[in-house]
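Two complexes come next, and they have one chain in common, chain A, joined by chain B in the first and chain C in the second.
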Partner chain A sequence: MSEPAATGLSASAERATTPAGAAAAIVAFEGDLDLATVERFEEALDERGATNLIVDLGGVRFIDSSGIHALVRARAARTASDLGTELVVAPGSAVERVLEMSGLLEELGARADRDSALAALDDRDPPANGRR
Partner chain B sequence: MSQAISVAHARAIIESSEDAILSKDREGVITFWNQGAERLYGYTPDEAIGEHISILIPPHRANEEQDILSTILAGGRVEHYETERRRKDGSLVVVSLTVSPIRGEDDEVTGASVIARDITESRRIGDRAHRLQRLTQALSREISTVRVAGLLVEEAVPAAGADAALVGLVDEGEENLALVALHGYSEVRLEDWSAFPVAADLPMSEVVRTGFPAWSSSSRDAKDRWPDLAETRFRFESLACVPLKNDVRAFGAVVFSFREQREFSAEERGFMLAMAQQAANALERTKLHELERRARDQLAFIARASEVLGSSLDPDETLQALATVAVPQVADWCVVHLVEEDGLRAVALAHADPEMVQRAGELQERFPTAPDALRGLTAVIASGEPEIYPEITDEMIAEAARDEEHLAILRELGFHSVMIVPLATGGTTFGAITFVSAESERRYGEEDLTFALELARHAALAIDNSRSYLREHQAAVTLQRALLPERLPETPGIELAARYLPAGPGVEAGGDWYDAIDLGDGLFDVIIGDVSGRGIPAASIMGRLRTAVHAYALDRLPPAKTAARVDRLLSGLEGDEMATMLLLRFDASNHRAEFVRAGHPPALVREPGGEVVELDGGGSPPLGLMLEEPRPSASRELAPGSTVLLYTDGLIERRGEVIDAGIERLKRAFARASHDLQPCLDEIIEATAPQAADDVAALLMRVA
Partner chain C sequence: MTTSYRKPAPLQIRLDAVPGSVPRARTALAGYAREVGAPADDVELAVAEATSNAILHAFTSREPGNLDLRAEIAGGELQVTVADDGDGMRPHPQGGGLGLGLALIGQMTTSLTIKRPAGGGTEVRMMFPIAEGSSG
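Let's look at the complex of A and B:
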C-alpha cells in the first residue's frame, strides 16, 4: 500500500517509412511499464492493429517483471501473426539494464534507435532474431 | 313656500345624522352639537356648546387646529382630513373631518361647520391589509421553516392585537406537534414545550385534528374545552387557534393569546385565518425547498462516501473513514459494529469532538456491549431490519443503563435521536451502523432512514469486496507458503537459510519461490525463481515448476538441461507463462558450483575474506519462451566459508534507478550483515526490501 503513487504510462503514435519504403508505425512510451500499466501498454499496441511496428521504450524509466512479460508476449503474438515488431531501447537506460540482466536484450532484438529499428524491419525475412 | 325644505326640517335631518356634525365660531367656540357628535365624543350638547373646540384636540395635534382655522377664514375648505380627536373619557378616536366655512349676510366667514366620521375600524382594516401584504412579502423571501415560523409570530402578534403567539408543526412521526416558534410568552421557553401529542386535549392538537379554527374568549371556557391546558404554563385569558393547512390536511397551527377576555369579530377571525394561510403557503414552499436541498446534499454525500469506501482494502479502515464522513453531516455520532467470533466489536467510531470520541471509547471498553443500551443493536443484527428512534427519552436511557455510573455516562452523551441500520450482503447481516443525533438535536425521520440504508448498502458492498479480496489474497499467500519447502535439508557439507515475504494487502501475492535439494554424494541444488503473474494462478504454476525441478534434479540432470526442460514444460502449459530461475549445483567434493541463470538476476557470493561479488555468466532468457538454442551454464569455485545469496527482484528493484544501483545496495548490505545465516538474511532483507510492494524470496548457502 505504501508503494509510491504509480506515475503511469503514456503512449504516442506516429507514421514512419522504412528505408525500403514500407509503411510502419512508431509507438513511443513514456513512464513506468509495470503491473499497473501493462494493460495500457497492450491497448496502445492493439490500437495500431496489423502493421509493422516500432515500440520505442526510450521514455520508459522503470520496468518490472510484469512489464518484461508484456514485452515478450506482445512480440511473440505479433511474430506469430507475421507482423514486424522492433524494440527501441536507449543504451545504458534502466530498461536496457533490466533486459540485459534478464537475458532478453538479444532475444527481443532491441535496437539502439529508431533508424536502426526501421532498417531492421526491412531485414525481417528471414525471421528476425536481430542482433545488434 | 317653494320646494325648498324648511329650516326646521333641515335641522331635524342634521340633528339625527349618523355623522357627528358641529359648528364653531371664528374664535373656535362650539356653537352647534348634534346627537352624532355626542355619540362620537361623549359630550352632551349642553356640555359642549360654549366650550372651545380644543377640548376635542389631543395635545400632540394642537397646531393642526390653527392650520385648519386659517384655511377656513381664508374661505377654503378641508375635506376628509384624517386625524385623531380626544373623547370626553380621554380616549383617542381616529376621525375623518370635513370642514366648511359658514358665511354671514355680507358673505363674510363667521364660523365653520365640521362633519366628523369615526374611521377607527376602517383604518384598522386598511392597516391589516397592509400588514398582511407585508407579511406575505417577507415570507416569500424566507427559505427555512424556522425562519418562516419566527417571522409569522413576530409579525402576527401586533397585527392581530395579540399579546403572544406560537407555531406548532406536526413532526415526521405524525404523532406529535413540535413547537417551532413562539413570541411573547415570557414565562415559557421553547425547549420546555418542544413537543406534545396530536392526540392531546389542547387547542392546537384539536385544530390540527379537525382542520377547523378554535376561538375561546375566556380562560374558564378554555379549561373546560381543553382539560390538558391546565398542565401547561400558558396563562392567558383568551385565545384564537387557527390551522396551517395545505390542500390535503392541517400540518400545524398558530395560537394567538390575549391577556384580556375578548370576543373575536368575523373580521378579526378572517384576518388571523388569512395570516395563517399565507404562512402555510410559505411553509409548504420552504419544506419543498428543504427537501430538495436535502436530496442534493445526500446525493453529494453518497458520492463522497463511495469515494471514501473505495479508498482502502482494509475493512476497519474503510469503516472508520465512513464514520468520519458521516459526522457531522448525518450524525453527531457514528459507530460501526461488526459481528466477530466472540461477539460484536465496535470497529469504527466518530464524533465531532475528539474528546467525546475518547469518552465513548472508554464507554465501549468499560461496558463492552453498551451500544445495546439503545436496545436495538442486537435486534437489528439478528433480524436484519433497521430501527429508528426519533426521540430518545430519559426513560429509555434509564431503562438501558446497567448501573448509576453507566446511566450518568449515557446521559452525558446526550442521545437525542437514533437510527440503527444493518450491514448486510447476500442476506447475511454482518454488522450495523448506528447514527446518533445528540447536540444537534436533529430528529431522525423516515427520509433519514432511507438515506442511512442507502449508505449502509454501499458500505456493506465495499466491506464485502475488501473482505473477499483479503480472503483471496490470504489464500494466495497461504498456497504460496504451502508450496515452499517446509524445511531445508540439514547436511554436513552446507548450511542453509531461506525466507519468503509476501507482498502486503493491495498487492497480489507473486510467484517467488526457492528450494534446496540434497542429491546425495555431496551434491546440493539450491534454486530461486519468480513466476510472472500474480495471485493463485502464479502460485500454482510455481508449485508445478518446483515439483518438476525437484524431479530433474534427483535424476542429476545438469542445470542447463533442467532449465531447458522447464522451459518446454512452461511453454506447454496453457497461457503464455514466463518464469525466471537461478539453479546452482554445488559439489562438496571439489567445491565447484555450476549454475544456470534463466532471466534471473545474478547470485552474490560473500568470500571468506568478506568481499561480495556477483556470480557472472550462465545467463539466458527467461523460461517459457521455448528457446531452440541450448542454455549456457557457468561454473566457479566456492572456497570453504563462502556464502552464496540467491534472491528475487524485490530486493533490487526500485523506481527511478538503474537495476545495477539496486545490486550495489544489496552487495553493501550483504557485506555488512552478520555472520550467522538467519540474522544475516534478516538484516539483508531489512536493509533492501523497500516496502511490501512486491514479494521477496531469498536464500543463503554457506559452504563448510
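Let's look at the complex of A and C:
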C-alpha cells in the first residue's frame, strides 16, 4: 500500500556578497519546517560551512518550535565563531506570525528581503578578533 | 445567539510516535478544523507542537509507541486531544525543551489541559473557537 504524500522541505544555496564586500551564503528553503524536516534543515545549513549566512524562509509555508529551536542553534553557533546569520521572512507570512508569537522575530534578525539581510550582515558589531 | 455549524463525525487517527507522523497529524487535523470553521492554521501549529512534544519527551527511555489523535465538536468549540502511551513528559537528552511549544499552544487555544491518565501516557486536550455562523 502506498504511503500518503508527506510534506517536505527543499533547500537551494548560492553565494553572495554583502554591500561592503564580505562573503556570504544564501540558503533558501521551500516547504514545511517541523520535527520531520528539521534534520534536513540543519544539514543544509551545516553544508555551507563557516561563512556568513542568510537563511531565506520566504518559501516556507509552515514552521513550528522545532524549526525555531534549529534557527536559534544555528545563529548561536555562528555567533560563537564571529559569523553573522540573518533571516529573510516574508512580511505577513505564517512564518513571520509564528516567530512573532514566539517573541523571537527581532532577536533572530528577520528581514523582509535578501538585500536588507545582506546589509544587516555588514551592520553587525565588529568581531573582537578583527575577522569578518 | 446561536452558532450554526455542521457537526461532522469525530476524527480519530492512530500514528507511530516518530517525527514522520508530525506532518500527517497536523495536516489531517487542520483539514478537520477547516471543515468545522475553526482556525486551521492555529490547529495545525498546536497539533504539531503537541505531537512533537510527545515524540521527543514521552519515549526517552524506550522504543516509540503510539499517538492517538481525536478531534470533535464539544460545547460549541473544536476539541483536539493528543494522547500518547509513553512514560510521561521528560527532558529530552538533546534539549529542545517543552517551554516554547506549550507557550505557542497556550496562545492559540481557549483552554489547554495536560493530564496523566490512570492507564499511563500523557493526554493533551486543546480547545479552539469555531467561527460564528460557520457552516463547514
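Definition applied: the second predicted complex is superposed on the first by the 119 of 132 C-alpha atoms of A that agree within 3 Å, B and C clash if a C-alpha of one lies under 4 Å from a C-alpha of the other, contacts with A are read in each partner's own complex, and residues count from 1 in each chain.
Everything that follows uses one rule, which is that a contact is a pair of C-beta atoms (placed from the backbone, for glycine too) under 8 Å apart; a residue touches a chain by one contact, two chains touch by 3 or more.
Not measured: the values here are computed from a predicted model.
Placing chain B and chain C on a common chain A by superposition gives a clash between them. When the two structures are aligned on the shared chain, A:M101 is found in touch with chain B and with chain C.
In the overlay built on the shared chain, the residue A:R61 is in contact with chain B alone; chain C does not reach it. Look at A:A50: by the touch rule set out above, it reaches neither chain B nor chain C. Comparing chain B with chain C, more residues of chain A are touched by B.
Contacts of A:A80 after superposition: neither chain B nor chain C is touched.
Among 2-10, 200-208, 416-424 or 596-604, the region of chain B with C-alpha atoms clashing against chain C is 596-604.
Shared contact residues on chain A (touching chain B in one structure, chain C in the other): 4, 32, 35, 62, 64-66, 68-69, 94, 97-98, 101-102. Against chain C, the residues of chain A that register as touching in their complex are 4, 6-7, 32, 34-36, 62, 64-66, 68-69, 94, 97-98, 101-102. Considering their complex, residues 313, 504-507, 530, 532-534, 576, 578, 580, 597-602, 619-622, 625, 627, 649, 653, 655-660, 691-694 of chain B touch chain A. The part of chain A that touches chain B in the complex is made up of residues 1-4, 32, 35, 61-62, 64-66, 68-69, 72-73, 76, 93-94, 97-98, 101-104, 107. On the side of chain C, the complex with chain A involves touching residues 19-24, 26-27, 41, 44-45, 48-49, 51-52, 55-56, 95-96, 100-101, 103-104, 107.
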